[in-house]
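The data blocks that follow each hold one structure.
One chain, chain A, appears in both complexes that follow, with chain B as partner in the first and chain C in the second.
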Partner chain A sequence: MADRRLRAGVVLLVLLAGYALLVPWLAGVDDRVTDFAAARQGPSWAHLFGTDSAGRDLFVRTAAGLRVSLFIAVVCALLSVLIGALVGALSAAAGGWVDRLTMRVVDGVNAVPHLLLGIVLVALFRGSLVAIIASIALTHWTQVARIVRAEVLSLRDREHVDAALLGGATRWRVVRRHLLPAALPQALVAAVLLLPHAVWHESTLSFLGLGLPPHAASLGTLLQEARSSLLLGGWWTLVFPALGLVLATLAVAAIGAALRDRAALPERAGAQL
Partner chain B sequence: MTLTELPAPRVDDAAPAAPRPPRVRWRAAGRLARRRLLFVVPVLVVVSGGVFAVADASPFDPLAGYLGDRYLTASEQAQARIADELGTGRPWWQQYGDWLGGLLTGDLGVSRSFGQPVAQVLAERLPWTLLLTGVSLGLAVLTALLLGTWSAARRGGWVDRVVTSTCLLLQAVPPFVIALGAVALFALGLAWLPVAGLTDAGAELTVGQVARHLVLPAAVLAASQLPWLLLNVRQSLLAALADDAVLAARARGLAESTVVLRHALPTALLPFVTLLGARLPELVVGAVLVEEVFSWPGLAQAVVTSAVELDFPLLAVLTLLTTAAVLLGSLLADVAYVLLDPRVAADG
Partner chain C sequence: MLTLTGVDAGYEPGRPVLRGVDLRVAPGEVVGLSGPSGTGKTTLARVAALLLAPQRGTVEIDGVGASGVRYARDPRLRTAVGMVFQSPRRSVDARLRLRDVIAEPLRLRGLATAARAGATARTERVAELAGRVGLTADLLDRRPHEVSDGQLQRACLARSLASGPRYLVCDEMTAMLDASTTAALVGVVGAEVRAGRLGVLAISHDDALLDVWADRVVALGAAVAGPA
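On to the complex of A and B.
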């Protein structure tokens, strides 16, 4: 079951990534160039997914948007893992009041609706890619921190760790050489589990007009555009970007769930948007 | 202990846990609530302080927030004078201190994007948000309980398969896509329901008007929360049905409906209560998106407006308010858990 799910997810993701990477390159046109003579055309052989209100080809633009969204999601997931793994490992290795305080901070970050923090951050640093990535990474590291902390706690009292400490290794060295590498596989699974949320987060911010500027294609800006095109009957402006978003979510979620079952992580890991 | 998970229930192995008398449970719940409230206050202070610190670090000039378009035309002296009056030139912690002081005395400042005092914006918009989220949450919970119980009781049947796969698919669709799809289908395509707003343009504010305009946003918000709730009910009911107590009930020859509804369901509902608390941030996020798409004049829409327009006084208050609502909601869920579960030894 887990393997079938994993395979289906990987195949779907490879197809989507291939579409996102190859189509803009093969098409040989800049997806941002407008052509108002061709505005608001339904799907046809010339424009498989139709065109938007500025005459841009949606087959190319959806691919470009998918590429941007997936890129941002991957960067955010990796950053979250970096922060989460460091915080989790150090907190567990330090123990005592440091650990308790860190876990309180984790609770605090979890208590705030993540999108709200994202909105505040992105509103204050408008249109900056760094702000978008930071707003996602800074709110999503807590799950990873929990997982890594639990793993390190279970490793901390093992014999090879005691041996290293007795041999005169510093605490930091033990964390770096013995504890973090052992917790890494779990942290990477957590990163995959974060991907769907990162995709949603980015597209949501862009949809609200706070993320990327409207001409830059991302799944969020395309759907923002669809909002007004819909009123003029342009169903294709909604259907194709939305399909891309949903399929990408399904693919990474399937991979994540399969990996989670293998790593025997709790069901709830990665459950928060 | 984390906010969303209670400690593992401490079950006494030796003797089956006798239900504790209600008074003990209430006292335990009170202790839990008191301890958790002590956590709420520092989080709120840190979050709101963080908003001020981030605003200080951002390239955005607070004066632009206060002046709006006039910022571009105001002379430098005028700007300096206004900055002096507003105290925006001072370090952020002093401004934050003033803001906190104002908050405690009931002075929330003025919202530029709505041209009203912040308190008035809150008073006008909060009821609509409560109406929308209340109706949606009620709808989602009812549907989750009904369909979740049905599909667990007839596990593997066609109802179960349809419901489960619909939920799994719905989990992959962001709320704003559900909203856009619903608008395209029911408002534009079939023209059954209005596209957006609280009333038709220029119409009187009547119960009928609001009800007609509420249907679509409430259904969309409910649908965006439903899959998690429903799958949770189904899962815990399946677990409860595999319990020895249920086997014993069946062995006594009780009717299947009695077994499911009286013996299995009460056990299955406990995790559901915790999940409701844990899902609150998502409900807030869903409300933001649904209100934005449907131009519903609630607080969640004001979050977006104030962010887009950089209306800082309103944005800061809304951030604080939302965080407080989520914290208190999850607290309520945990208190309910302690009151409902005879086994939990509330550790507070």
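On to the complex of A and C.
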């Protein structure tokens, strides 16, 4: 069951990534160039997804938007895992007041609404890709930190850690060689589950007009533009970018759920030994 | 000499499992420790191996007082005491091949000294240690779930010897093993002891084994102090 879900998710994601990477390249046109003579045309053979209010082809532009959104999501997820795994593992391995203080900081970050903090960060650096990535990564590492910390707490007093310690290992060595690698599968599952969340965050920021500038395609900017066309009957301007968002979310969610099931399996197998 | 003096130890403050324990292990000597379940044999083993701080009393190794335990150990005592645990499954990282399990302390020693042990030297040393505990070369590339408890415990013993400890605590090392593996492992440890390289604290329920293995046996739960 988990394998079928994983395969379906991977196939869908590969198709989406192929579409996002290849279409803008093969189309040979700049998706930002406007052609008002062709504005708001419905789907046809010439324009499979129709055109937007500036006459730009939505088949190409949705692909370009998907590419940008997926790129932002992947970078955010990786950064979140990096920060979260290090904070979680070191906090649990250190224990005592270091652990308590770190967890209160995590609670503090969690207490601030993510979107609000993201908006503040992005507003400071309007239209900057780095600011968008930072605003998502800096607000989403906490769940990874919690997962990794819980995993490391359950591992740090095991006998194989004692054995490494007696062999002369330092705390950092134990974290690096025994605790982090054991906690990493769980952290990666969290990262995969974070991907659609990051896509949604980026879309929301751009939809609110705080993300990327309107001419730069992302799923968020496309949905934001669709608002005006929708009232004039241009349903396709909303449907196709939204479909990209939903399909990317479903693909990644399927992969994440399958990986989470798989990560839980060795524990069960181990218990039978 | 590994010396425990007036040790109280336990896991909750004010509720020691052990009270006023004195114990001495000299290099070249095997001291057996017997006693019924729940008398604190493993707790004592963990105190001796500097994994658990005594609530009262002192631990001294070759004249150096142990000021901290676990990561806070005195650097001079970092690898002074080795330990072989009861369950080999629980005492190895399930992701590592046996070769890497045995090599881990060697890597650490390599990092700690100026003359960094090369990969070749390490491979040779792993092969030598594996040979000493009776592990064949083909087993070294297997992971823990692909070998038996006995084979895994052999690897654990090789790992303990790899760090070059002056004292070895064997906490029910043979409890999960068959007679021939037990004899083999006790023989390996015995050879190290006879060579004067090792003092051993052997913990076991098996009085018959301790009679054969240990130079003297102390019973926990009764008087623990051994002769000086």
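Here, the second predicted complex is superposed on the first by the 263 of 273 C-alpha atoms of A that agree within 3 Å, B and C clash if a C-alpha of one lies under 4 Å from a C-alpha of the other, contacts with A are read in each partner's own complex, and residues count from 1 in each chain.
Heads up, the rule we're going with is that contacts are C-beta pairs under 8 Å (C-beta built on N, C-alpha and C of every residue); 3 or more make two chains touch, one makes a residue touch a chain.
Bear in mind the structure is a predicted one, so any value in this text is a computation, not a measurement.
Trainee: Looking at the overlay, what does A:Leu129 touch: chain B (first), chain C (second), both, or neither?
Mentor: In the superposition, A:Leu129 contacts neither chain B nor chain C.
Trainee: After the superposition on A, what does A:Ala169 contact: first (chain B), second (chain C), both or neither?
Mentor: The second partner, chain C, only.
Trainee: Mind working out whether A:Leu82 is in touch with chain B, chain C, both or neither, as first, second, both or neither?
Mentor: Neither partner.
Trainee: Going by the touch definition up top, name the partner, chain B or chain C, that contacts more of chain A.
Mentor: B
Trainee: One more residue to check, A:Ala150. First (chain B), second (chain C), both or neither?
Mentor: Neither partner.
Trainee: In the overlay, answer first, second, both or neither for which of chain B and chain C A:Val10 touches.
Mentor: A:Val10 sits against neither chain B nor chain C.
Trainee: Would you sort A:Leu231 into first (chain B), second (chain C), both or neither based on which partner it touches?
Mentor: A:Leu231 sits against chain B, while chain C stays out of touch.
Trainee: Which partner does A:Leu184 reach: the first (chain B), the second (chain C), both, or neither?
Mentor: Neither chain B nor chain C is touched by A:Leu184.
Trainee: Indicate the residue numbers of chain A shared between its chain B interface and its chain C interface, in ascending order.
Mentor: Of chain A, residues 273 contact chain B in one complex and chain C in the other.
Trainee: For the complex, which residues does chain A have touching chain C?
Mentor: For chain A paired with chain C, touching residues are 158-160, 162-171, 173, 177-178, 181-182, 266, 270, 273.
Trainee: Going by the contact rule set out above, which residues of chain A touch chain B in the complex?
Mentor: These residues of chain A touch chain B: 103-104, 106-108, 110-116, 119-126, 196, 200, 203-204, 207-210, 223, 226-227, 230-231, 233, 235, 238, 242, 245-246, 249-250, 253, 268, 271-273.
Trainee: Provide the residue numbers of chain B that touch chain A in the complex, in ascending order.
Mentor: Going through chain B, the ones touching chain A are 2-5, 39, 42-43, 46-47, 51, 54-55, 58-60, 169, 171-174, 176-177, 180-181, 183-184, 188, 195, 278, 281-282, 284-285, 288-289, 292-293, 303-304, 307-308, 310, 315, 319, 322-323, 326-327, 330.
Trainee: Tell me, which parts of chain C touch chain A in their complex?
Mentor: 49, 51, 70-71, 78-79, 81-83, 85, 87, 89-95, 104-105, 108-109, 112, 145, 156, 159-160, 162-163, 165
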